[in-house]
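Paired with chain B in one complex and with chain C in the other, chain A is shared by the two complexes that follow.
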Partner chain A sequence: MPREAELSNIERTFILEALAQNIRLDGRARDDFRNLDVSFGDDYGACAVQLGKTKVNTRISAEVTKPFEERKFDGIFTITTELSPLASPAFETGRQTEQEVIVSRILEKAIRRSNAIDTESLCIIAGAKCWSIRADVHVLDYDGGLVDASCISIIAALQHFRRPDVSIDGENVTIYSLAEREPVPLSLMHHPICITFSFYHGGETVLLDATLHEEQARDGEMIVTMNRHGELCQIAKLGGVSVDALILLGCMNMTVTKVKDITELISTKLREDATHRDVGGLIAELSAQNDR
Partner chain B sequence: MPLDTASTYGQTLLRTDGRRWNELRRISASISTQPSTDGSSQFVMGNTVVVCNIVGPREGRGQRDTNNALIETEVTVAPFAQTDRRRRTKGDKRVQELQTTISSAFQAHLFTHLYPRSSITISLHVLSLDGALLASCLNAASLALVDAGVPMPSILAAVTSGVITSTDGITPSDPILDLNNSEELELPFLSVGTVSGLSEHQEDKVSVLIMESRIQIGQNGKKLEAMLAVGVDGCKQVRTIMGEVVRTHGTRILRGRK
Partner chain C sequence: MAIQTSLHPLSRADGSATYASPNGCSVLAAVNGPVEVQRRDELPEEAHIEVNVRPYDGVGQVKERHLEVIIANTLRDVVHLEMFPRQMVQLTIQVLKVPVDDKAIGRTNPQAESYLPMLPWLLNAACLALIDAAIPMRCTFTSTIVALMSKTSTRDHPTIAELNAAKSLHVLTFSSKDEVLLAESEGRFSMDEWDAIEEKAKIICLGSPDAMIEKGEEDKSLQQHMRSVIAEKVTVDERWRNG
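This part shows the complex of A and B:
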């Protein structure tokens, strides 16, 4: 079983002592994110996020299936995360590691359980046909901040994605190809964003967006998910060092502003992509969708 | 008659099971319940029953960390634990997350450096489940670790706390302590686990904090602040009860020695 090379004692002490003097290895402030870049592919629903050296690619796909027996009026939404050896030699295909389980579980709670997608809108014929939306997250390069980067890329990709339009005539469902009809965007209720806090020096020092080395040297972490309306979607402090409750509340308040910044960045990038696509200015005419 | 806390609370200020907002369910616990293991406990909180066995500290097999003991956790939820019978598989991500949380909470809390190259296995069996799954597992494991004689700076105690959001805007949004299963289904809640501060006048520190429901944190996070405060305070109450259990057990053993 391959494992991540552990931090040597000297590296660990160096990171911790520098942090005690308020210095990070890459010169950022404690509450700074690394350079975040969001870009979209040619197809709808393909999104690449680069957070420092961490690279995550997400692809959304849609197909028509039969809904679950107990949820006849709901479509299906699944998120699959795979940490392949492509990202880091410490990852292995096949068996799920503990880290992989935690990442997918947190994304699941943050995006799926918080009802980011209105699954009822994915229903075509109750109990017979519905859309199954699938988000495939591929980690291409790993340098810490996996949950944050994956969450941003899923949310950006979901906003970017367009599914084919359908029309229903009794029992017959017609699915129009992208050439026949302008595809429709998914209906998203809100845009949750995950922020990871790392704790050092027995919970006294709090860092945002730790790199891999900083992650290896930390005593504990907390992942907070929020949307830009200030709604908390999920908190996960799964053990680790114990931290003063007031520091934790401070983290929650810090999340509010960070989430607003990131959401703003995603929507700017989406707008840029939309103008880039809208060559003849025809999209607005082709689309049957009304602005909310 | 409404049968959920959210609608009754506004009128009566009582929850469906008759408790007030800051009342815990009845807690009864005992340690050294299983003589064949190194440490064991049974923890009952309302209708939730958890049994815990500890094996270790013993020599760790293939253990790579040469400075600390490694904590491993196994959680099994009995198929008959809830009203609908269902079998949870080993690969259930929820259970795996639970195990990771418990291991990592105790890994940071216990004095593991005293047992280099060894491992401590916590095995938890949930016999009956009526809410507060993680909290009761943490409490049971804490007591069993005390029984096993693993040194720790304080007892790790956990509870759940939730919030009732007023719908009419007249009654205040009240935080509530220690939710049962039906309340967990209808209300947003936090699972909080704390350890006491290093000195007498230091505040308790939060070791585990998990929330899975979506809530509006309110103005300046007031709602969340209230939930967390009630949770931390509830942990203090639970810790006192757990301390009492350990002391009673100790006195009984001392008396038996004479």
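This part shows the complex of A and C:
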């Protein structure tokens, strides 16, 4: 199977020397993100994110299953990230690359283990029935920033998703179709966003949102996950280079502002989508949910 | 709503195309090839063709594997595989959108649904992606689905309600040389009905033989549509020659 083409020495030196002069190949500043675009599909829970050339589609689906024996009061939430040859010929179907493992573990840590989804709210009847929410991440095009783009698309899709309404009468559960009752949004505790920093020149130069070429030339990376309140969810520092503590603190401050910007963008897009859907202003009347 | 297609939406794959059908399906196909092949798939005299269908939600299971086999067999008749011995043509198709069923309760089991409604769009997207990747082919092909509603009425591009009510479903694929490449059917039907359906599918795919009259955008046959998409792309790509 084909491997990802490695950077030639000339390309690598070019990127590194340009960076030493504070120039990036695409003319961005060091702390600039590429163009970020978030869009939603016709049905609930379908979200497409484009970050420069990187394209990620996420689809959330829900079904009713039996909860795990040891966690009777919790629903189930799973994230699947399967990289396919759509994104790059180096990604094989059926065999996990190292990168795929890293991406799925980071997302797992950032979203699932930071309790972004309140799994207890997914429980219908303790020990018997619960919702199983599943996020399928489809990476369509790959030009670096996979973790950042996937995380944004999952968080946006989770906020966009509506599950069918249920009513419980003793042991009987009725699930209402979308046509019968207005579906209900998931209860999310917070919205974690991942930001990846790339280190060059032994940790002296820090880049945000590296492209594929810049990723290939870097010495190390650090993925920081934070929500808009500045609460840190997870840090993963990969690659051997040691970085000065002050530079890391600078990264954290930068994360706070970037996460705020991204969360703001997602909620603007969600609002746009909501007004677009709200034909005749009926959604507020149809919804059975109380304001919190 | 008409058919919507785009060529080369992806930057990394050799060739790619999207195809959105009028009944609310959208698929994205990408072709890489010729590329290195795994030892166990290597064929001494021709290229191995690998097809991967990725569903809208969940991971590919029996239904997707079945679709992959059908698509691979169809492509084997069309692609000049003998030009790339001991190599591989890799086709990946991702379903981006399926029609929304308002009456469905939660997630219905997609594995239990018929595999036919998706098949023609996968094939059409595959054809466009192969052309975009400049893989040599004997001919191009177009595919469509026709639902038999009653003895006399048929529907092309059936909606979910029509699919559920249909007596039988038929997927037909025609080459640009007027040959039937694939005929898959499901349900009860007579031979006469099938003949009528073949006639209808042929008109949808290739246009009627006596259609010399100028037609609007909406009435274009699939083949004409495909030609115009490719012509547009070629005009843009070849602009530098005329500059």
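Note that the second predicted complex is superposed on the first by the 290 of 292 C-alpha atoms of A that agree within 3 Å, B and C clash if a C-alpha of one lies under 4 Å from a C-alpha of the other, contacts with A are read in each partner's own complex, and residues count from 1 in each chain.
Just so we're on the same page, a contact is a pair of C-beta atoms (placed from the backbone, for glycine too) under 8 Å apart; a residue touches a chain by one contact, two chains touch by 3 or more.
Fair warning: this is a prediction, and the values are worked out from it, not measured in the lab.
Taken together through their common chain A, the two structures put chain B and chain C side by side without a clash. Shared-chain residue A:I23: touches no atom of chain B or chain C. Vertex at chain A: the C-alpha centres of chain B and chain C lie 130° apart in angle, rounded to steps of 10. Contacts of A:S84 after superposition on the shared chain: chain C is touched, whereas chain B is not. Looking at the shared chain after the overlay, A:V173 reaches neither chain B nor chain C. Put simply, chain B and chain C get as close as 16 Å, counting only Cα atoms, in the superposed view.
Comparing the two interfaces of chain A, the one with chain B and the one with chain C have no residue in common. For chain B in complex with chain A, the residues that touch the partner chain are 93-94, 96-97, 100-109, 190, 194-195, 203-212, 214-217, 220-221, 224-225, 228-229, 232.
Across the complex, chain C is touched by residues 1-2, 41-43, 46, 53, 55, 57, 59, 61-64, 80, 82, 84-89, 93, 134, 136, 138, 140-143, 163-164, 175-179 of chain A. On the chain C side of its complex with chain A, the touching residues are 9-14, 16, 24, 28, 30, 32, 35-38, 52, 54, 56-59, 90, 92, 94, 96-97, 100, 102-107.
Chain A makes touch with chain B in their complex at residues 98, 101-102, 104-105, 108-109, 113-115, 203, 219-220, 222, 226, 229-246, 248-249, 252-253.
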